[in-house]
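The structure that follows is given in the form of structure tokens.
Labels run A, B, C, D, E and F following the written order; every chain starts at residue 1.
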Amino acid sequence: MSVPGTNDFSRPSGRTPEQLREVRIERAFTRHAEGSVLISFGETRVLCTASVENRVPAFLRGKGEGWVTAEYGMLPRATNTRNDREAARGKQGGRTLEIQRLIGRSLRACVDRKLLGERTITLDCDVLQADGGTRTAAITGAYVALVDAVNWMIKRGDIKPKAGRSPIFGAVAAVSVGIYRGVPVLDLDYAEDSDCDTDMNVVMNDGGGFIEVQGTAEGHAFRREELAAMTALAEVGIGELVAMQRAALGL
Amino acid sequence: MSVPGTNDFSRPSGRTPEQLREVRIERAFTRHAEGSVLISFGETRVLCTASVENRVPAFLRGKGEGWVTAEYGMLPRATNTRNDREAARGKQGGRTLEIQRLIGRSLRACVDRKLLGERTITLDCDVLQADGGTRTAAITGAYVALVDAVNWMIKRGDIKPKAGRSPIFGAVAAVSVGIYRGVPVLDLDYAEDSDCDTDMNVVMNDGGGFIEVQGTAEGHAFRREELAAMTALAEVGIGELVAMQRAALGL
Amino acid sequence: MSVPGTNDFSRPSGRTPEQLREVRIERAFTRHAEGSVLISFGETRVLCTASVENRVPAFLRGKGEGWVTAEYGMLPRATNTRNDREAARGKQGGRTLEIQRLIGRSLRACVDRKLLGERTITLDCDVLQADGGTRTAAITGAYVALVDAVNWMIKRGDIKPKAGRSPIFGAVAAVSVGIYRGVPVLDLDYAEDSDCDTDMNVVMNDGGGFIEVQGTAEGHAFRREELAAMTALAEVGIGELVAMQRAALGL
Amino acid sequence: MSVPGTNDFSRPSGRTPEQLREVRIERAFTRHAEGSVLISFGETRVLCTASVENRVPAFLRGKGEGWVTAEYGMLPRATNTRNDREAARGKQGGRTLEIQRLIGRSLRACVDRKLLGERTITLDCDVLQADGGTRTAAITGAYVALVDAVNWMIKRGDIKPKAGRSPIFGAVAAVSVGIYRGVPVLDLDYAEDSDCDTDMNVVMNDGGGFIEVQGTAEGHAFRREELAAMTALAEVGIGELVAMQRAALGL
Amino acid sequence: MSVPGTNDFSRPSGRTPEQLREVRIERAFTRHAEGSVLISFGETRVLCTASVENRVPAFLRGKGEGWVTAEYGMLPRATNTRNDREAARGKQGGRTLEIQRLIGRSLRACVDRKLLGERTITLDCDVLQADGGTRTAAITGAYVALVDAVNWMIKRGDIKPKAGRSPIFGAVAAVSVGIYRGVPVLDLDYAEDSDCDTDMNVVMNDGGGFIEVQGTAEGHAFRREELAAMTALAEVGIGELVAMQRAALGL
Amino acid sequence: MSVPGTNDFSRPSGRTPEQLREVRIERAFTRHAEGSVLISFGETRVLCTASVENRVPAFLRGKGEGWVTAEYGMLPRATNTRNDREAARGKQGGRTLEIQRLIGRSLRACVDRKLLGERTITLDCDVLQADGGTRTAAITGAYVALVDAVNWMIKRGDIKPKAGRSPIFGAVAAVSVGIYRGVPVLDLDYAEDSDCDTDMNVVMNDGGGFIEVQGTAEGHAFRREELAAMTALAEVGIGELVAMQRAALGL
């Protein structure tokens, strides 16, 4: 992949434009949840748990299908200055709702809900420490927790995969890309995120298909070529993330 | 522009893939607001008002800058079946918050907030009737209401454009694109939206720059080529919408 | 009818004391609702939709009766200065609740709920533009939307009128009256409403019976004779409004 | 006063049509408030306290005027079956808001707010036991609490009545009237209220002027003559209530 | 019992350290509730009602057991300065929730819920006037209201005591104790409560067993001996309160 | 210390009655907060962060004093079955409010708020995994985070300790004790907590003084001797915890 660069370009972290931060995926981080993953994208750390419940939302009752949904939260001091606790304020903010809707949609894209039966899997993604890219880390980690929860169900015999088919097909991962000082870069940290021209979150599957693309011009509008360069970078990054998910799962 | 198509492909509305619905822009629809526009994208009708107030949010106080923000609502029976009134439920839903954040960001992209002074312009986008594409119609209509409100301020002498520069630079419009039965199509109506594989909302300026790109795979993940075809379609549609905005404003 | 007046009395609008504003009733204003009416009392414009649903509130379940209820809202910039959006504030204000309770009670007064079956008709009254008298316009318009919705049900065969009886008996309309500069006047606009001594909302049926009378002394307490003069004026105005409702319905 | 009646007419309580329930007004019922009155209309018992605070709402700041406002509540088991506690439900219902707005408006009608200075008097009306007519008892009792609070302020020298004028001019009292089994009756108790054709709440001052008139047809619409008979009954009842207020105040 | 004291020690009220305030228990204070008690601990007055309903919370449905729960409220002007009405603020405060949880737990400690059947008894404790010790007065009074409600159920035949056993076993009462100016004192009033070093609420049954002990160091941490002295004082006080409960119930 | 025991008594964990679970205290667990401690009491893990802000609540403004407060939360899947997220439900539950009030009070007991200046330290205690004793672990860990935050302030020169005095005097720690199968035991885990007769939370300082004592009879009322045995056990446990706090702080 060719990325435009100049001699004097450097990222605050010293990474190359197409370099992910160090990614760590720790399974079974807590003990009660059917899946529990602590994922780190550099200094961003998100605890993703998957909880299985034998009920579905009202709009699905009696249809023989399951549901996959997500909730997102940030501990008040996950960030540099303390944010109000949403539970104390009495409502989740727009950013929170937007992110948890994105996580839910992204993971439903790799689940055959008919095979789940009338069960709900809730993915709770709680940010312990934030340094940019919390939503992409959350999606990438939640996928691993989801696989663990489904395997737990299969092991217990709750789900009987038909013809060997698991309710989960393929993998889903996410990464941010952006234009930082004129250069397309992969996996923005907070220093880059708060100072970039364009910020894009990309969710893809392991087959190279796009599930979500959300790009926002922060400083100036971006061009078609920049969009292409960013999505190309994202493809590279997601390829690596999917490999790490597989490694973490022992596949 | 070349769009893949087949002999037996047809849209529910009978439109060609690259054809917008009939767009109408009616200024001064209500009398109190500084800008008031009823915009129709076919059967989708959104009332966009711009209100000027001599105050800014706390985080901007004393900085000599203005603010542009948006709120979005849907009348309970704008849709085929009645939705609960958000005021009665006691909160705005995630979809509402997501859309109003998008509208606000999109319009701030064409405003020099320093030139506004310490004033807030609120764009209220209320859907009277929904048939798909309410957020893109809202952005396109809100731009016209915003221009009217800024011109009202200039006329009153509240704003003195420096060196002839208005606080508004360029134009902003939005349209949806999608993959319907395998074919990229422009400006989805509800029948298409609820039955398509991919749905993407694109916000652009009149210089051909992207401000927001939000694509979601509904049925199957989309490919890089599909993304390119959709953004190309969006560019065409937005060019037409910007021309209609100019015509409505008498420019 | 005799109305006290003086040579130098004039209403801001130039109307005579017993003159209504121009009233327009536009049916089928939006397409999804079973009844949809845009009513104008001069510059006051209210969109009234009637929605039919096959369920009743908990307190009526299993009783074989239907329910008629109303919700009221005002777009944030329906008024001269922008009001906070109730959905964003997280609750409906006291004035809103008071008005929607009044609309609901008023319309239930002309419905035989047993003949409706276990169905709910919700009348959503949303003020697009306010210039005084929004609640009386809402009641008058909601009646027409209600008739349209009931006729839609009859046409579909959902309701089988017994012995030719529709669930709706008679008509209901409403108007405001007040004492403006010492003179009883009909159908106050905002300029009069904010500067009058007494403001009264009257709801009546087409048989000349009172359904609701709500009078408030704003400046000084009113006398028995003033009450009588105001209710007499209201009778005249409501007679005219009922005729316009009939005309709009093609009766 | 002539009231239509028949030989076989009787009220559940055995009262004559124009007879009030036994009214008791007990001042200084609690010790902390500047005014504290327990008022009984028969079995209806409302505790009305007046609290003086040295601040005004935002819309009055710096105008040199005071404010008088009211809040209304009902203990959960003031009624025959337990009602949810509004504090636990997280909001005041429409009926509560409607009543407290009525109480506030009614008492502001006898106060010269300029003479109060920048102070707020809050009238809390809490129903300990309900048997119909809680809002009219509340208004009648709150007036006495208000007078006590204003006299407390005068005694402390907080208010210096100009030319001997107290901020309170005249008196305000309220009573319900209705048509019960065809007969206009005064001061409905719960047994009558839940079984009457028409229910009207009337607020008047001691000069015979109307401050609020709120009539609702419950069973059938009422006629002009019935309205006149009810308001005439109310005048009689309020005359008696004002006398009792004066007696309680030792005037 | 030995209580340390000095010659110059005196309580604001003139009471001796081990002296309760005057306690009054008035049954049938209001008429609708199955049990209704006005209890006074000196100037603290709390209305405690017991309401019986034929339903249980979701977590008990179908288990054949009943439930006992409590709600607590304070009228806005029960205190020296007015507190916001919790219903108007839209939520119950932490102190309120803490107290009502305590009342509920305390009374469940003397009820055999199996003998209640699937019924809920709700104890509403509303403070009409506060002078310290509202929660302990509430518990002591709620017990009497609870007994009245259970006896009402037995009388109606709703409950058939097995082998003569009532669902209520023993009695429950509560009192506060504290260290005031170095001396352990019983039943703190507001003057003491706001100026003491340690404040402890103790709930006991009539067999001398502790149900709840909640002690808080206000000024300095307390020692093991002080804890012992306070609990000893509480035992004495609760013995007296239980005797008064019995007397009030005519036992 | 003598603890009653029998030959066949055993705790689910195999611990002796007076044995704490393994306690770990990990400082600087996250990087943004001025103090950040992950504390474990066995399988209970709580993240405690201390955030310093240059503002105080309204009731302290201009008094030259600081404030110390706490917030408590539990991740939805910290427990065996998933709990609703409080931010999504729109309010904090009674248990949460009760616990965070307890944590705040406990830590204020070791702070000289005058020496803090007009600053607020907020202790956020978020339970990552629950196995009984979350509130006592939270208090014990929050103390360490508080010390770290105050030392950070001293280092920066924000606070100038007068005569070498830090705003923090002494130490505060907490532990639970209970009667499990008739035997007083220290530091209950979930298996014991849900099956014990009495549960008591004790907060003490390093001088052996009690700050909070909260005991609840779950099964049967407890006796004076049991209270004494439990507080004696708590003293032992807190002595050990204070030593661990000192070790963690390198003192």
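Just so it is clear, contacts are C-beta pairs under 8 Å (C-beta built on N, C-alpha and C of every residue); 3 or more make two chains touch, one makes a residue touch a chain.
What you are looking at is a predicted structure, and each value in this text was computed from that prediction instead of being measured.
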Query raised in the report: What is the touch distance from chain A to chain D, in steps?
Result: 3
Query raised in the report: Chains in contact with chain A and with chain B: which ones?
Result: none
Query raised in the report: Rounded to the nearest whole Å, what is the centre-to-centre distance of chain C and chain D, using the mean of the C-alpha atoms as each centre?
Result: 28
Query raised in the report: Where the CA atoms of chain B average out and where those of chain D average out, how many Å apart are those spots?
Result: 51
Query - Centre distance in Å when chain B and chain E are each reduced to the mean of their C-alpha atoms - result: 60
Query raised in the report: What positions in chain B touch 2 or more of the other chains?
Result: 90-91
Query raised in the report: Quick one: ring order starting at chain A, direction chain F?
Result: A, F, E, D, C, B
Report summary line: Within the complex, chain B is touched by chain C residues 30-33, 36, 43, 45, 47, 49, 51, 53, 71, 73, 75-80, 82, 85-88, 90-92, 96, 122, 124, 126, 128-130
Query raised in the report: chain E touches which residues of chain F in the complex?
Result: 91, 93-95, 97-98, 100-101, 105, 109, 200, 204-205, 207-217, 220-224, 227-228, 231, 235
